[in-house]
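Dropping the structures in below, format is structure tokens.
In the two assemblies presented below, chain A is common to both, partnered first by chain B and then by chain C.
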Partner chain A sequence: MTETAPETDTDGSTDRIDLTDRDTATPDYDDAFDAVVVGAGLAGSTAALTMADEGLDVLLVERGRYPGAKNVFGGVLYTPTLRQLVDVDAAPLERYIAERRFGMLSDEDETAVSISPGEWHDPPHNDSYTVLRGEFDEWLAEQAVEAGATLVTRTTVTGLLREGDRVVGIETDRPDGTIRAPYVVLAEGGNSLVSEGADLKEKDRRENVAVGVKEVLEFPEREHAIEDRFRLTGDAGVSYHYFGEGAVGDAFGGGFIYTNGDTVSVGLAYRLSDAATSQPDPEGTLNAFKTHPAVAPLLRGARTVEYTAKTIPEGGADEIPELVHDGAVIVGDAAGLVLNNGLHLEGTNMAVESGYHAANAVASAAQRGRTDADALAAYREDLESSFVVENLERYEWLIERVQADRELLFEELPRAVADAGSEYFRMDRAPKDQHASTAKRELLRAVGGYTGAAKLAVRYRKLLS
Partner chain B sequence: MSVEPGIPTVDNESIEDRLYTVKYEDPGDSHLDVTIPGICAEKCVTTDCVKVCPADVWREGEDGVPNIAYENCLECGSCRWACPHGNVEWEYPDTGAGVTYKNG
Partner chain C sequence: MGDEPVIVVGVKQVPDDDEVRIDPDTGHLDRASAPAVMNPPDRNALEAALGLRDDAGGTVVAVTMGPPTATDVLEEAVAIGCDDAALITDRAFAGSDTWPTSLTLAAAAESLGADVFVCGEETTDSSTGQVPPGIAAHLGWAQLTYAEELDPEFDDETLVARRDVEGGHEVVAAELPVVVAVAYGEFEPRPAGLHRKLYAESEFEPIELSAEDIGLDDDEVGIDASPTEVGGMETVEPVERERVVVEGVDELADELAETEVFG
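And then the complex of A and B:
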């Protein structure tokens, strides 16, 4: 492809690329592609697919042996946007989420709330499915390829090509692996060495990054173990979340169990700053969580199929980097788009949403023949007015408060609730009235009396607004 | 209560066995390093890299500089953020080497 006048000027504001005059027969890949996507995860493949649908020539570069080979997540894929783009029902899904359960764990007790609305059994199942990323990400990348994108695997992007401030392509670990392209979509994940190396974003503080470990477990010689233990029929599955010291000690984070088709995923995540200071190492914390009296019965007799680890950017809205640059956009985990406020643990939907909006912005800029950041600003604007940034901003206060109150919320309250519960339902010959007052006293003591309870209610009132 | 009978035993596999579940291709060279060994030896007293690593990659070394079992690495990147001295060098293993997850 040849660039036509006017030539690039220094601030990049009037770059023009003639998309009609493309020479795809050149032996090297320089400017053979309109856009390069770094990383074939959910954000990257969604971006590649969307741009290909818009008629752009897209190169999707993945450092793993196949898309998904380097990717880890907890376990639930949320599909409202993906469903608009691909045939989700044809995807390798494991189970739909029919029950969500939130368990508060002290060191030996559990107090739990479970919801399983009937409508979750009906398609589209609240757009919530467990998947295994090795299979799913490969499938999604295939959809991008079918839409016209070119996928290369086993290729690591080692840096970005620059002309002044403008990103004009990528450097890879392949021989002659420099590839020029007008647009680069950075979908490299949370460990974003390329974006950081090119000064497009700063490295986050460890207080804002969680370490996650997960095991996929199978139950050899125990047919129907998953259906029986989690009370499942057909393709129904569960999402169990756990908080409190029985899950991750005094750290800020939580544990989870998700049911796949023939396996379960069990794991936890908590902030790296806690891992470095007060809490035992991730593997030791996982061991303790798995042997908690409320968790062990669900996992007994299991064998480890796979052990995985990842880091999660949890800095929230404040830590989103500049998303749009001259010739480049940042999407997905690389852009810090993860919501973890305790109740909601979402990243997959945000990755897809960001890849989609970024791709549309690139396609629109390409149509106008521009590569400057201003021409790509629609991505930032669309993302800011979407649920992604709305939700991150909405819960910013909650995450800060929970962190400040974590001793109360994760240690004292779970213990008090469990104690109050056992007192309230205690079977002896004392009248229930007496049990109820004792239970109330237990709870009030934990939160600092009526004044403390009132203050707590005020601190968290926005939860209900 | 956790030691009472009636709570089933869950066999947690060793870190070695856990790491055996993951396919690994040796890139030949370590993709991890410390930038300035002197910082580990003289300034670091907390060895946070050792504490946060989920895969037993970072191990305390006799001279105060950690030993790096890079072939254990699950490529999570924890060490990179954890080091308060910013002393961890981290590169992606090249041409598809390193860890390969099947499930993920």
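And then the complex of A and C:
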């Protein structure tokens, strides 16, 4: 110290704080955790939560600054499995779904079907809620942490540690960034660079990937705009799905509107192969959808507060990769577990289901002290007998068929239905009989006459079986 | 100086600038909803402190003054590589302006036996830049502000700094102990190592220090010891600017010629 005592405002006689007893050396966390989960989305946090509940030490690694920061989906979460794991009613939910509406859009027309069963107003509301991922995913990860998992954010997993074929840990973008663990749960999402890089799954082909774009809109000038426009009271909300060229132009896919608490989510998803060819501009397509005469009035005066985009794996049951490996399992979007058949747009519920089954398989293998793929096979078996794979397989044919008939279903038929509808209800001085037969004729022409209609009915009969 | 230098680095939690929303209707800043993060200039201070340790050895201790929730910023400092961290927390500190704040940090530096106290240039939530010189004044230490480069010559009880000054730089040597305020943007911060980050966030507990622990009386700190008085607030209405719409470049040139901006 200095020789001459300087003038000072502090009390120099205070006891020195002794730091020598403090042990703050960095411990080595290799094999300190039973399992590492890559990605704190719905699949990852469910897996972490379930394993922690089973008594495992779990490390949950997220690249975003908080769980959910990087996560995008349309908007409706189906919660039957989550309800068994966490207190869903304490979660940040936006609205329950009280009405589902399916609209066929041609350039200018809409023909729609709407269902709103009274029982959807009663708890548990058919387990269907709009949520905002930024809030919901953060909350779900908190539940995993409360169950005992350790969460580390802003850390990107860049690769896997291997011993022979066995996965024995992860590699991250941080210095001193590898960590060993007996099990790795890959819940990295649709853009699954880690699983692909480690040859645990093949790259998706563009025919099997959809591009999704979405805006969250608010109504700054109108306090009850959502309630008034969507005819809602209380926490009730809507799910509107749209098909046809008015929704996604020349592409294979659809659009949606979901109501959140104070905002609406508006977006669309269609095949990446179409985005690369016939319908190249997702943002422009979304703008066209937003200004469709059947959609624009719902959104009038709205202001965009968020714009997001993502890729969605839509390969169906055939494209599910090998789910179990020595020391690793693949869950959620990374495993291609998304159902989009037009009627049903599901993914997050399947992510939760897969995370849950994977976690149970890991816990059971850990109990037996085994890490090999055979010991984890229960995950694949449980998932195959769950609704996840059952639904993917059941609707595989539908997606293929709809793809083949896309021009008829998404362009010709919506137009014909709209034309037939306006013809049927036409008010002029001709008798109604005449309108009805003109309407019928127009419809029949679109589907190829009675023979065509019969063939169509046969082709899609399984929808109702 | 003892055998090993003790380098104290001051860090502070501030509202995240990136997340401070501007209410589109009123134009007001909504700071309350922004999450708390480490004051960005403090990242440069941390790097400077760790760089001194890399070059000259010693111990780096992060300190912050704030409520128990400020522990987050200390965990982050430890994750990045600080050896230890102290939370200076006491109800008596409530309402402190830069005078008692710098007195408190000065007292903490003395209690921790600091040889060097490294700070960021300023905090992004108040932007006074008064605290580092304040610490030096309270302790009667030398100060090196706007430091861009540091060269520890601790064997000679000296720290040499290159300072950013108007029109260039100057190189200054100061005798220890010394307060350093690091120029914002210099000393690119290093990322936290994975294992250290895990330790900092899941196991590390900072030392907690009260006013009494660092030899301060309650009446020396807090709002009553703060000389700042807010004289009043005025909202300034933007001046309506004169506007002319022109069609094409020629018309623009004519307009400008008329206003004699150029001929």
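The rule is simple: the second predicted complex is superposed on the first by the 438 of 465 C-alpha atoms of A that agree within 3 Å, B and C clash if a C-alpha of one lies under 4 Å from a C-alpha of the other, contacts with A are read in each partner's own complex, and residues count from 1 in each chain.
FYI, contacts are C-beta pairs under 8 Å (C-beta built on N, C-alpha and C of every residue); 3 or more make two chains touch, one makes a residue touch a chain.
Note that the structure is predicted; figures quoted are calculated from it, not measured.
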Partner chain in contact with A:Asp176 - chain B first, chain C second, else both or neither: second
Which of chain B and chain C A:Thr155 touches, first, second, both or neither: both
Partner chain(s) touched by A:Pro220 [first = chain B, second = chain C, both, neither]: second
Touching partner for A:Leu186 - first (chain B), second (chain C), both, neither: neither
Partner chain in contact with A:Val417 - chain B first, chain C second, else both or neither: neither
Chain touching more of chain A, residue-wise (chain B, chain C): B
Shared chain A contacts, counted only where both chain B and chain C touch the same residue: 155, 173-174
Residue numbers on chain B that touch chain A, as the complex places them: 1-2, 7-10, 12-13, 15, 17-19, 21-22, 25, 46, 48, 51-56, 74-78, 80-82, 84, 90-96, 98-104
Touch list for chain A against partner chain B, complex: 63-65, 68-73, 107-108, 132-135, 137, 153-156, 158, 173-174, 190-191, 193, 203-206, 209, 211-213, 215-216, 263, 265, 272, 275-276, 281-283, 286-287, 290-293, 295-297, 299-302, 304-311
Complex contact set, residues of chain A against chain C: 1-2, 6-17, 19, 22, 24, 26-29, 59, 150, 152, 155, 172-179, 220, 303
Interface residues, chain C side, partner chain A - complex: 1, 24-25, 59, 61, 78, 83-84, 86, 103, 106-107, 110-113, 137-141, 175-177, 190-199, 201-204, 207, 209, 213-216
